[in-house]
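Here's the structure we're looking at; comments come further down.
For clarity, chains are labelled A, B, C and D in written order, and residue numbers in each chain start from 1.
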């Protein structure tokens, strides 16, 4: 395969154009490559599952090192396939409910890992030596935002009380500012992706860029 | 954090206790209030729209599979499918995780049966597309165009593909309702969907739909939990401030902050 | 006139997409100059490298993969140029599987220009799995954590590593990433190692607090960061080239938003006028 | 920190010495057959369970599964009886996950197989699916396990085909699909950012400032404000940064506190089988 690189560049260009064509409207060209994409993803997923996972962690120890007990996960996984039998379909559910149980048990650790550091780093001094007025203002804004946003997420406390209603309203406004800011800050990252693609088309494929 | 530090060993049982106590209280039948969440109210209306137009509904459960967040999305699929079955419509669910296929098949079959239309269930409507994020997105874009869906639901965990899905929905003129705890994707749903369920509102969806006492009680417990975190943040801030302003109080503040920061 | 303004609120999306493609192709092909401001965070990274003692090693942590290549590659390239130019030896380590490989490609390309040699001017420690435990043991002993480089040479036999005894000989660590891996470095490395970061625009906002607290000695965010650093180095590379289409794209969005609002305003005005006329007639 | 340094968990040594021992030859075959027999027996027992017992079994399994992680987390690191099982359990679950891929393949092959078989509209696309799928599987394994290239950097036939399929096609399709976001973010911003209500205006305003603050063209607008004066805060890049780090990060922290508690509540309900809904209340 002498020309693998060259052919790869050309097929890459065709694939890029096919996906971009959906911007005009959904068409045969896109549809064809959409299916190719799904086929490649499924095949590559299978290949990678074997190469990076099953071969080293399952087949090699099982068949070459005599670790016979590794047959167990494979047998348990067969329960998934009971879904194709009307009579035994409920057994797949035994497995899935157990997996949900495992996921639920991880919630404590997840809570601690996600929220733990965020709680203690929310304590920002509102006064004191060495704080500039700007820092004080920042810390105050931080505190107010946090309190108002949390209030917005109260569901069961009646909102006819001004104590809940007003902060909740401000909380929603502050959320909108945060969402707008996130939107704005993502624009650059998204365009980086497309610029990268255009550099491929104009540079690597057509050799128009210096 | 690999294991519970002294602070978490107190906080987590406390929060869990608050949630469980309120579930028990609700089971005994105390009357519970829950505020309006317009996004969830809109679900029925959105299903109705699809039926009026005689076009199918698409429900994306995002990138999740067998996890706690997606578990809730499954319940919303069940609700939407029951409504659709009542109106003789169908719900297409494209999925990323193959393990979700058996779960969804059972849910849809069950939903059609409960509305006395078992023949309405079609296994081909649960479509595994790909476990690769963007191959999935490419497939959903294709389905939306070809099936000319009238309504899209997005409930679950989403990442960058959120905008690809929801903006395509806009292009085909679908009514869209989204709900996700993935905070970074909320802005993209807000600008493209008719209704967006934000952050923790997502976890209130099932309680809101079913008005089941257990779920409503849990919601009250969650509120108490948030109140605990809110008080912690305020007290911590005040203590830190006092510690910074008055040197004599600094040791007290430091001990508190250190305890919360994990000893 | 009013009719035309009203139409501005319903511009067909295909026209918008055409404009996006047109502007980006134009900006890529036509090299027009743009003013470039430099943020204090970029300036401070530049100065840190300038003032770094000659005997200290720099470590590049390559925690990114193909998905964030668009932003991480130009950032890495800019910092590597600076290191080569100042003849500061560096080592590459990565906590993302593809990171060290992709970084090596960038380094090799530049090594030719600067006449730098593997082993003398840079080396590659390779991909490591668990970030926390690797850094913890790295702080205790570099040689025990990384017995050999990716080519299988013992670290003692790599020329540039001869002077490096332990973590105290590392002067600066620059991490390039598209995710929130920074905290592990802050947690596990001694304060004697200065830490700087180049990150994607998406995670940028989360990193600024560490600049305020002094834990980070420099920060480059996204394409903008790469362009700023190239400006400091006085070169025009990928970052600067990408700022042209980026600027035009941002401008296009802003102009479109303004046009849309003008259209909406005009439509509302027409509605009011019609209503008034209607009232007069009845 | 190192996994070899973790003390063995409760009964772990017993298991690894007496039960889960690598075997070879006939002993290996015997152990495999024995396991299959036990599995078959369990399957038979399971299918004989009456509906009520089935439900009880599920509740118990979910509880025990959740209990494992809960105890592992709350027990202090020193002398933790379960930490040693984390890695084997992780491997077990990942291997199981790999075997679930078949569910996805069956689903894909049924849908596309039907289309090709019936020559229904668009069957060519379904054929393309199969071609792409088999090509990358065949060439993937072939280049992995087949003849290796003589010179580094050269390609064998299989290696070249895999390069074309993976680097040429897959690595173009994926980032291009991702890059479509550049267009969609533009059209979404144009359509949605209208000064209609207070909320929409706030969102628009924040997005506007942040977008301008990120590119040189925007920064020029306020570059006349001296960077070391008291008004430097109003330079667009500073203002943008302030919105992102001040307001935005606090708001996202508020959202996070809500979602982690919501997640905790849902997990508790699932763990203790208190959850109500289609998947849990369905008659068996």
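The working rule: contacts are C-beta pairs under 8 Å (C-beta built on N, C-alpha and C of every residue); 3 or more make two chains touch, one makes a residue touch a chain.
All values reported here derive from a predicted model rather than from experimental measurement.
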{"item": "Most contacted chain pair (by C-beta pair count)", "value": "A-D"}
{"item": "Closest chain to global C-alpha mean, per-chain Cα centroids", "value": "A"}
{"item": "Farthest-lying chain, centroid of Cα atoms versus that of subunit C", "value": "B"}
{"item": "Whole-Å gap separating subunit C and subunit D, where each centre is the average of the chain's CA atoms", "value": "25"}
{"item": "Separation of mean Cα positions, subunit C and subunit A [Å, integer]", "value": "21"}
{"item": "Distance between chain centroids, defined by C-alpha means - subunit B, subunit C (Å)", "value": "33"}
{"item": "Subunit B-subunit D separation of Cα centroids, rounded to whole Å", "value": "17"}
{"item": "Touching two or more other chains - residues of subunit D", "value": "73-74, 100-105, 108, 171, 173-175, 177-178, 180-183, 185, 187, 189, 191, 193, 203-204, 208, 211, 214-215, 244, 248-249, 252, 255-258, 263-264, 266-268, 270, 279"}
{"item": "Numbers and ranges of subunit B residues touching at least 2 other chains", "value": "2, 4, 12, 68, 71, 99, 101-103, 106, 131-132, 134-135, 138, 184, 187-188, 190-191, 198-200, 204, 219, 222, 226, 229"}
{"item": "Of all residues in subunit C, the ones touching two or more other chains", "value": "13, 17, 20, 201-202, 204-205, 222, 224, 246, 249-250, 253"}
{"item": "Chains touching one another, given as label pairs in label order", "value": "A-B, A-C, A-D, B-D, C-D"}
{"item": "Subunit C residues touching subunit A - in the complex, by the definition given at the top", "value": "14, 17, 20, 24-25, 28-29, 69-71, 183, 200-202, 204-205, 222-224, 242, 245-246, 249-250, 253"}
{"item": "Contact footprint of subunit B on subunit D as seen in their complex", "value": "72-77, 80, 97, 100-105, 107-108, 110-111, 114, 173-174, 177-178, 180-181, 184-185, 187-189, 191-193, 203, 252, 255-259, 261-270, 272, 274-279, 282"}
{"item": "Residues on subunit A engaged by subunit D in the complex (per definition of touch)", "value": "1-2, 4-5, 7-13, 15-16, 19-20, 22-23, 31-47, 49-51, 53-54, 57-58, 65-78, 80-81, 83-84, 87-88, 90-91, 93-94, 97-112, 114-115, 118, 122, 134, 138, 141-143, 145-146, 148-150, 152-153, 171-188, 190-191, 193-194, 196-197, 200"}
{"item": "In the complex with subunit D, residue positions of subunit B that touch it", "value": "2-4, 9, 12, 15-16, 19-20, 23, 68-69, 71-72, 74-75, 78, 98-99, 101-103, 106-107, 110-111, 124, 126-128, 131-132, 134-135, 137-138, 160, 163-164, 167-168, 170, 181, 183-184, 187-188, 190-192, 198-200, 202-204, 206, 210, 212, 214-215, 218-219, 221-222, 225-226, 229"}
{"item": "Of subunit C, residues touching subunit D in the complex", "value": "9, 11, 13, 16-17, 20, 34-37, 39, 66-67, 132-133, 136-137, 201, 204-206, 208-209, 222, 224, 227, 243, 246-247, 249-254, 256-257, 259-261, 264"}
